[in-house]
Every structure is written in C-alpha cells, then in structure tokens.
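The structure that follows is given in the form of structure tokens.
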Amino acid sequence: MRPKPFRPQAFDAGNGEGAYVRDQTSGLVWHRCHLRTLYADTDRSQVVYHSNYLRYFEFGRASLMRDAAYAYKEIEASGFVYPIIATALEYFRPLRYDDAMHIHTRPGTLERVKLQFDYVITHVPSGELVCTGFTRHCAVNAKGRPVGIDEKTLHLWAIFPQ
Amino acid sequence: MRPKPFRPQAFDAGNGEGAYVRDQTSGLVWHRCHLRTLYADTDRSQVVYHSNYLRYFEFGRASLMRDAAYAYKEIEASGFVYPIIATALEYFRPLRYDDAMHIHTRPGTLERVKLQFDYVITHVPSGELVCTGFTRHCAVNAKGRPVGIDEKTLHLWAIFPQ
Amino acid sequence: MRPKPFRPQAFDAGNGEGAYVRDQTSGLVWHRCHLRTLYADTDRSQVVYHSNYLRYFEFGRASLMRDAAYAYKEIEASGFVYPIIATALEYFRPLRYDDAMHIHTRPGTLERVKLQFDYVITHVPSGELVCTGFTRHCAVNAKGRPVGIDEKTLHLWAIFPQ
Amino acid sequence: MRPKPFRPQAFDAGNGEGAYVRDQTSGLVWHRCHLRTLYADTDRSQVVYHSNYLRYFEFGRASLMRDAAYAYKEIEASGFVYPIIATALEYFRPLRYDDAMHIHTRPGTLERVKLQFDYVITHVPSGELVCTGFTRHCAVNAKGRPVGIDEKTLHLWAIFPQ
C-alpha cells in the first residue's frame, strides 16, 4: 500500500538549530539529521542491506538526544540502560550508494518502564519516503532489572517540541 | 508479556537430515540450524547488538532454502529478486559472546507477489526464547517490477513439512 | 613502539573549506573530516571493534574525494572500479562509544594501475593518535581487468594540496 | 604479484577431528574451518566488502582455539584480554554471495606480551587463494595494562601440531 507522503516544513524550535521539521501530512514535529550511505552499507543487489536502517535509526536517536538535551552516554553513566525489546521497519524505496538521507526521529509512546522512538527516513534529492519504523525500549538498571524511566529521559519527552 | 515457551521436538522430515523440529506449543514444524555469536556481533552492553539478529535470520533463511530445495542464489540467477519490504523483531533474552543459538525458520504467509518467513531464535544451553520475528518479501523481476512468485519458491512452500 | 604525535595545524587549501590540516611532525597535508562512533560500532570490551576502522577509512576517503573534486560514485559511473587489494592498520588507543574522531586521509603512492590512500585517525578531545593505516587499490574496468588509472583520479592526485 | 598456491593436504592431528591441513608449499600446518558468505557481507560491486574478512578471521581464530584447547571466552573470564594492535590483509580473488570458503588459521610469532595469528582464506570449489593476513594482539589485564601471555594461551602454542 502506498504510504502517505511525508511533507516536512521547516520548524523553529526556538533554539536556533533548525534541526526540527513539522510533517504537514500528520502535523507531527520531528527531529531531523542528515547522513549519507557508505559502500559498506550496500549489498550485491546494489541497495542498502535492510539491517543497516537500524544503524541509521541509532544515528537519528543519538542526534535527537544530543541536540535536545543530553547524550545517551550520560544516561548510561547514571546507571540506566535502555535495551531494545522490539523493532519494526517498513521499506518503501531503496537507498543506493552515496545517497543522502534525512533521518527523522521523535519520541513516541511513553509508559512506566517502556518507551518508543519513531523514525522516518527520506531520500534527500527526491524527498521520497525510504522507510519508517520504531524501536521500543525498556528501562533497566545496572543489574538488568526493569525500572521506572529516569528523570533525564522524562525531561526529553516533556520538552520535545509539539 | 511472557511469550509461550518454544518446545522443539525432533522431527523426521523423511530426508535423513534431521534439520527440522516440531514446536509442541504451536504444533508447527520449523527448519533448524545452529550458529554461534561472534565478538563482532556484541556491543558495549555485553550483548548482541539488535540489528545482528537480522543477519541471523538471513542465515536461517538461506539454510532452510538450501536444505529444502535450492540455494537463494539460484532464484536470483533465474531473474527473480525478493527484497525485504517489512520486518519486525521482538527480543526476550539477550545473547552474549560465544553463545550457541538455534535459528528456527519457516515459510509463512504466501500471497500473489508477497511472501513471509517467520523466525524463532533460542539459546542452545537453556532452550530459552531469544527473539522472534519475520521478514516480508516482494517478488520483483530484474527491472524491479513486482511479479508473481516464481515456481521454485512456490515449490518450497508446497514441500515444506507440515 | 610509541608513534610520533600527530600535530595538525589549520591549513588554507584556498577553497574556503578549511577541511585540510598540515601535520607539523611530518609536514604532510591531510584532508580532515569528523565522525562519531555509534553503539553499533562497539564490542563487549567497551571499545570499537577493530574492523570498523576500515569503515571509518571509507568515510574519510569518500569525504576527501567529494571535497576535492568528485564523488567516487562518478568514477564507477565512468566504468572504473578501484577494489582494495591490500590494507593494514595499527591501533594505538581505542575509541569508545560516542567518541568524536577526526579522520585524516591523503592520496599516497600512485603507480600505473595501483594507488594508495593513507589514513590517520585521532581522538578529538585529546588529539591522541587512535590508528593509522592504508588501503591499496587496483584500477580495473567493468570486466574486472586491470587498467591504467582514470583521468579524474589522476587529477585528484595532481591537485591535492602540498 | 601472483602468490604461491596454497596446497592443503589432510593432516591427522591425532585427535580424530581432521580439522587440520598441511600446506605442501610451505610445509606449515593450519587449522581449517568452513564458512559461507552471506548477502549481508557483499557490497554493490557484487563481492564481499573488504572489512568482512576480519570477521572471517575472528571466526577462524575462535574455531582454532575451541578445537585446540579452550574457548577465547575462558581466557577473558580468567582476566586476560587480547586486543588487536595491528592487522594486515592482502586480497587475491573476491568471494561472492553464497560462496563457500575455508578459513585456515595458525598461531604465529609469540613474544613476551604480544602474539600473532596468521590466516589464509581459500575458495572451496576452486581451491584458489582469496586472501591472507594476520592479526597481532597484546596481552593486557583487566585494567588494560600489558602483561605476560597467560598459561592457557602458551599451552595453545605448545600443543599446536607441527
């Protein structure tokens, strides 16, 4: 099924960075960063191997966290880890070698011990939708036991532009 | 939510290989192969990085196809490609360095131009469920246009043990 | 053996980009780009897995080519491929998760059908040497036969700042 | 330069495993294991991306250690780590998707705090040389300080078939 187009519009998050866009289709605000595919990412069918999009998601998630409030490294330094407990991706259009992409990331659902990030990757020259997906995380302490979401992460959800 | 346990029972597929098991919980038959994690697969939290399970899924899918009927390479040689259009994974228990795993794979839903493989990975020593997931593929010809599933692949679905 | 320190000094390549530095120890000019490690790059010993530095080298090489003259993609589009026939790396200090690095790349020896790129990676906050290495490439045509270096690549060597 | 051919001959290591061969060209004994390339390993030039051979080397090294004496995991459990301080590879013939390879590994030079593993990868159907290389390691304790090679590893060198 054809997905609805992603129609990003520059959005002023008030921090002068301009790293946010509002999708005119859904009305949602997304953090946006830029990346280019490497030869290492492609496979013999000439396109990016499907698992590498999870790497791009990690890049988007880390960029969002650093731009918004803190680096994920600081979360782990304070004793919390957020392992991924589920993920899903839908692919609409392949990326090829040296293609520029925009990775859009936003904080999704937030529960007591779980949270989700949502992602949209688009092809820069055409603006076409490449893939969408999410990663679902569980907050655990240093011993691997589920715990409530930490304060810093709650703050990230609170301040993310609407 | 706790998943139901995966309780594999040796299953004689009639070809002397013994590479199939029946899960007593669901009654379904799965192809099974064996693999060990590498240092390269782990990340700094000491467990396998989440995207590497898609690599293990590829290993399971390729083993199933080779054991059952033909190598995927032969499919591509005959002009068909099966790019992944969607995937999803749920993680229940991490794998660590040098852990042995069983990768269980089975042909899932089959439509006119789409098909799905399902996967269950278990930790060999404990038998515990590590992750489950699927990869959804679309049949396309050399020009990238969706086409009906090829004969060899249909045959694979037809002969997979019930 | 302790390597000599890499002491980069800003260098004006005359194109306003400032992406070049001169190492005061050797006197050589290097192209420089910036990258950060991902969680995906680390292994269970908490540092970047050794093979990922080849990925960083590719990033450096691609950046140099794009900044200097053309994208490697254009070389392949004109019928030349430059597969790697040898590589070597020496590691002096590990990178950890979320570490910022500078990748320094320069065109090395140039022969009739072979060429080499040299690399130096440093840790941004400390300036310490992380690793050095090279990739050696052979020019081949679309049929995989060794051929003379193409004009664009020769030009890259000719214009690289001294 | 054309490398000398690798001419393996079955070798009885006296432990009934048969996982060793003697190269008739050099007279050296090598541990041998078998692996197949994945789609994930290839790049858009249709062959295995060069950094993945380091992953194959790790597979060979881990197989040798497990078959010969102990798993590397046990070494780390006893407080020693063997990070790679240098590596080099030469590529002679590419591997393609689904190609079967033999990975030959042997303990190389052994010094007070450093040791080296040597590798030869061949293409199974043709026996042709794919690549050769080495990884050089330094023994360090849990605090990252260089220490003498541990007893288990010295034993591995002592018992490796000549």
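Note that the chains take the letters A, B, C and D in the order they are written out, and that residue 1 is the start of every chain.
In the analysis below, a residue touches a chain if its C-beta (ideal position, glycine included) is under 8 Å from a C-beta of that chain, and two chains touch if they have at least 3 such contacts.
Only a predicted model underlies this, so the values are computations on that prediction, with no experimental measurement involved.
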item	value
Far-end chain from chain C, centres as C-alpha averages	B
Between C-D and B-C, the pair with more C-beta contacts	C-D
Interchain centroid distance [CA atoms averaged], chain B/chain C, Å	38
Where chain C and chain D are represented by their mean Cα positions, the distance between them in whole Å	27
Multi-chain contact residues (two or more partners), chain B	39-40, 45, 47, 51, 54-55, 97
Residues of chain C defined as touching chain A within the complex	36, 38-40, 54-55, 58-59, 62, 71-73, 97-98
Interfacial residue positions of chain A with respect to chain B in the complex	45, 47, 50-52, 54-55, 81, 83-91, 94, 135
Chain D - residues contacting chain A, complex	39-40, 42-47, 49, 51, 96-97
